[in-house]
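Next come the structures, one after another.
Next come two complexes built around chain A: one with chain B, the other with chain C.
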Partner chain A sequence: MADAENNNTEANERNIVKAWRAWRTAHEMVQDRGYELAEDEVKISLDAFRTQYTSIDGTVSRERMKFSARPSPEMLKKYTPPATASNPDPQPDIGTIWVEFNDDTSVGAEAMRKFAKFCSHEHYRTGMMILSGNVSSAAKKEIPKFAQWTSIEWFLEEDLLINITHHELVPRHVILSRDEKTALLKRYRLKETQLPRILQRDPVAKYFGMRRGQVVKIIRSSETAGRYASYRLCV
Partner chain B sequence: MKLNTSMGLSVAPGYEWKHAPNPREVAIQHARIIHSRREIEDQISDSTIELSKFPVTRDPPYSASNPALADAESFKNLVRLYQPGDYDDLIEERNANGLCGYTLCPNPRSRVSGGGTFKLVNFGRKDFNIVPRRELEKWCSQACAKRAMYVKVQLNETAAWERAGIASIQIELFDEGRTSATSDTADEVARDIGNMKIEAEQKTAQNARDLALERGDSVENGKTSKRSIKLTIREKPVEAPAPPSLGAGSQGHLVMEGYKTTFDPKSETVSQENKTTKGGERESSITA
Partner chain C sequence: MVDKPNQKELNRSREGRVKERTPTVSRFECDEAQGEWCDFTLEYDSNIPKVLMLSIVQEAVRKSLIQQIPGIRSCVYVADEKVQDAVTGEEVKRAVIHTDGVNLEAMQKYGEFINPNTIKTNDIAAVLRVYGVEAARQSIILELGGVFDGHGISVDRRHLNLIGDYMTRNGTFTPFNRNGLKGNVSPFTKMSFETTLSFLKDALLDGDWDDLTTPSGRIVMGRLGKIGTGAFDVLTRLHVKNGKNQVG
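Our next item is the complex of A and B:
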């Protein structure tokens, strides 16, 4: 009996550590995208996480794990389209992000619709769902219906246990603004389609929330050249 | 440029551009079509959410084999527009809610004990099989799987908006079909005949449309309008070819396929010098 209890607490402990790591990676992801987050929010210690996000019986309460972040001025500038004669004061196509954890075994269309409605109603331009279960195909079909108001992204918690961009084999990715993109295309006299491509579902592209048409600069270290930059267009 | 316009004018009279459609109208019409398709798709996803919580009445007298009449009716009405893929989504959605995949079954889905992605079914018997665990956990029982599949095979791959207007497409439930097989045969036959009639009508309408397209008739609001080009049939005068005649003074005998060879004896004198060098051979060729 004591053995079973011991097993139970061990499993619970593992669960807490997993949730903590996903929580940290989610914060790092939001920060790397350019949203404003305090350093102590991102680098939360396991003990601090335990006191804040576990219920009395010691299990993780994922319904409490949610946060929002505002874009930083640099990010706003990066995502603002250049002013034109017809649109002299363009609005940035980025806004506050809402991140929510979910511990349902599988997310159905109804839960997804509820989440998307909540995000669009509260004027969050991006909604991120971090799930422990899977998403049904009907739920995936709900996402594009809300694309006009809010862009919904979802990640599996098990995919966020480590931050992939911190791996030594993943080079630094920098997303270019529209001005930088036009300058690049002009500099090399390229058309958009002549650039190498990166898929939107690529793990790193998903990490940075890349949109179709954005260009990412990939900076690798090179033995001969020191640094080597290449550019990829998100498709 | 001037030439072009004058040519254009010379063609234009007599030919009226009455039926040339306004591009804006065409665009609006297509936008409406797309809009109605989207509406039907939304309707399907709404009904998926609704059906994923079925049955509404789940009291003991009613079960998967004997569903409440209202539930069965609304299920049949809603699932009518589904494609097989949508139906799979519905099963997945119900499983996500922890219910058996068959829409009219009030039981929770079964859970297979133990780990592993594959399971052995009916071990040691003739119908032994190795089944993916996901398939096994979709249903509460084998009977429900059969009932759900009975509905699925009646669904059609054609797009929902093409089937929305056809009232004759009705879905039948598994048990319902079996009990009514003896009593309602006449009814069934009548429905089959009705279906055939509708199919034949659709086919003739399609043929008429194809023919109209081939002829260049424009079809507006279902009725064929007059041709946009005026046709006048003008007979071409045909003259029978006259036989060749040997009239007086005619040189018909010299004509070879309508061409009369000319022979100028003077041209021979030009090559008099050659005659001396190449001798009799050449002369003989001329005489021949």
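Our next item is the complex of A and C:
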């Protein structure tokens, strides 16, 4: 009996650590994308996390794990299209992000629709769902239906246990604004298609929420040149 | 030391139970505190055929699975291996674990024991899936370098960088062989690489053509590549009127 209880608390503890890691990586991801988050929100300690997000019986309450973040001024600037004659005051195509954890074993179309409706209703431009279970293919089909109001992204909690961009083989990725992209293409006299590519489903591209047509600057360290930049177009 | 007699008693009662269940066991002893070892003697009639223990033990081990990581077969721990630091490029001594088989996702769950940010593997597809195309490119370069270094061949890193860039230019990785080259637009480039006749045959059957813009294609036709000093012509004014011996 005591053994079973012991096993239970051990499994619980593992679950809490898992949730805490995913929570931290999600915050780092949101911060790395350029949203405003306080440093102590990102670097939450395990104990602080435990007091805040576990219920009385010691289990993680994932329904309480949710947060929103506003884009920083630099990020707004980066995502604002250049002014044209017909559109002298362009609006940035980025807005507040909403992040939610979900502990259902499988997310169906209904749950996804509810989440997307909530995000578009509350005027969140990006909605991020972090799942412990899997997503049904019907649920995935719901995502493009809401594309004009909110862009829905989903991640598996398992994939967020560690921050992949901290790996020593992953160089620094910086997303370019539209102005920087045109300047780059002009400087090297390139067509868009002549750039090397990065897939939208690439883990790092997903991490930064890259959209089709964006260019990412990759800053690598090199033995011969110290540091040098390379560019990839998101397709 | 207090629980020592207690352990002995435990051991004896366990021995009794084991002997009761399997009469062939004549002596049984095991590590009650840690569970690290177990020592027993089996007694059989002298006329019984030979017992091969190895296959029996293998079967028993398979039945009593305690923990496994799918994809990982054997592990070797090396306390101080020389590894090159990816950031500074210096050789440092670190404790590493070598595994036979790859499971990057599972390794990330063991962050308390290993540093998940320094995992390396020669499974480029796994790296691409978990860490993205840039890490895959870096792995390709490291692995290629490892192959050459292992044979004592020094190859400039810039050649390997170029190969890495070429292989990952599509966002995934294309093999650097005649299969990967199939998508190339220049038949001469493909022919100059490998299996000349097969590529020539394909080009003929498809009515393919070469506009001689690729360096390899131009070399095949005995022309200068349109790169470097071949990228331009030098034109100078000729003094036709003065005759060929006069410098004007």
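Basically, the second predicted complex is superposed on the first by the 235 of 235 C-alpha atoms of A that agree within 3 Å, B and C clash if a C-alpha of one lies under 4 Å from a C-alpha of the other, contacts with A are read in each partner's own complex, and residues count from 1 in each chain.
By definition in this document, a residue touches a chain if its C-beta (ideal position, glycine included) is under 8 Å from a C-beta of that chain, and two chains touch if they have at least 3 such contacts.
In this text the structure is predicted, and so the values were computed from the model without any measurement.
Of the two partner chains placed by the overlay, neither chain B nor chain C lies in contact with A:Gly58. Contacts of A:Pro171 after superposition on the shared chain: chain C is touched, whereas chain B is not.
Once chain A of one complex is fitted onto chain A of the other, the partner contacts of A:Pro90 are absent, as it touches neither chain B nor chain C.
Touched residues of chain A were counted for both chain B and chain C, and C has more of them. When the two complexes are overlaid on their common chain A, residue A:Val235 makes contact with chain C while staying clear of chain B.
In the superposition on chain A, no contact is made by A:Pro82 with either chain B or chain C.
In the superposed pair of complexes, A:Gly213 makes contact with neither chain B nor chain C.
After overlaying the two complexes on the shared chain, residue contacts for A:Glu223 are found with chain C alone; chain B is out of touch.
Interface residues of chain A facing chain C in the complex, by the touch rule stated above, are 21, 158-159, 161-162, 164, 166-171, 173, 196-199, 202-205, 218, 220-224, 230, 232, 235. If you check the complex, the residues on chain B that touch chain A are 42, 45, 48-49, 52, 88-90, 92-93, 95-97.
Partner chain B is touched in their complex by these residues of chain A: 105-110, 113, 136-139, 141-142, 145. Those residues of chain C that touch chain A in the shared complex are 86-87, 89, 105, 108-109, 111, 116-120, 127, 129-135, 138-139, 157-158, 161, 165, 168-172.
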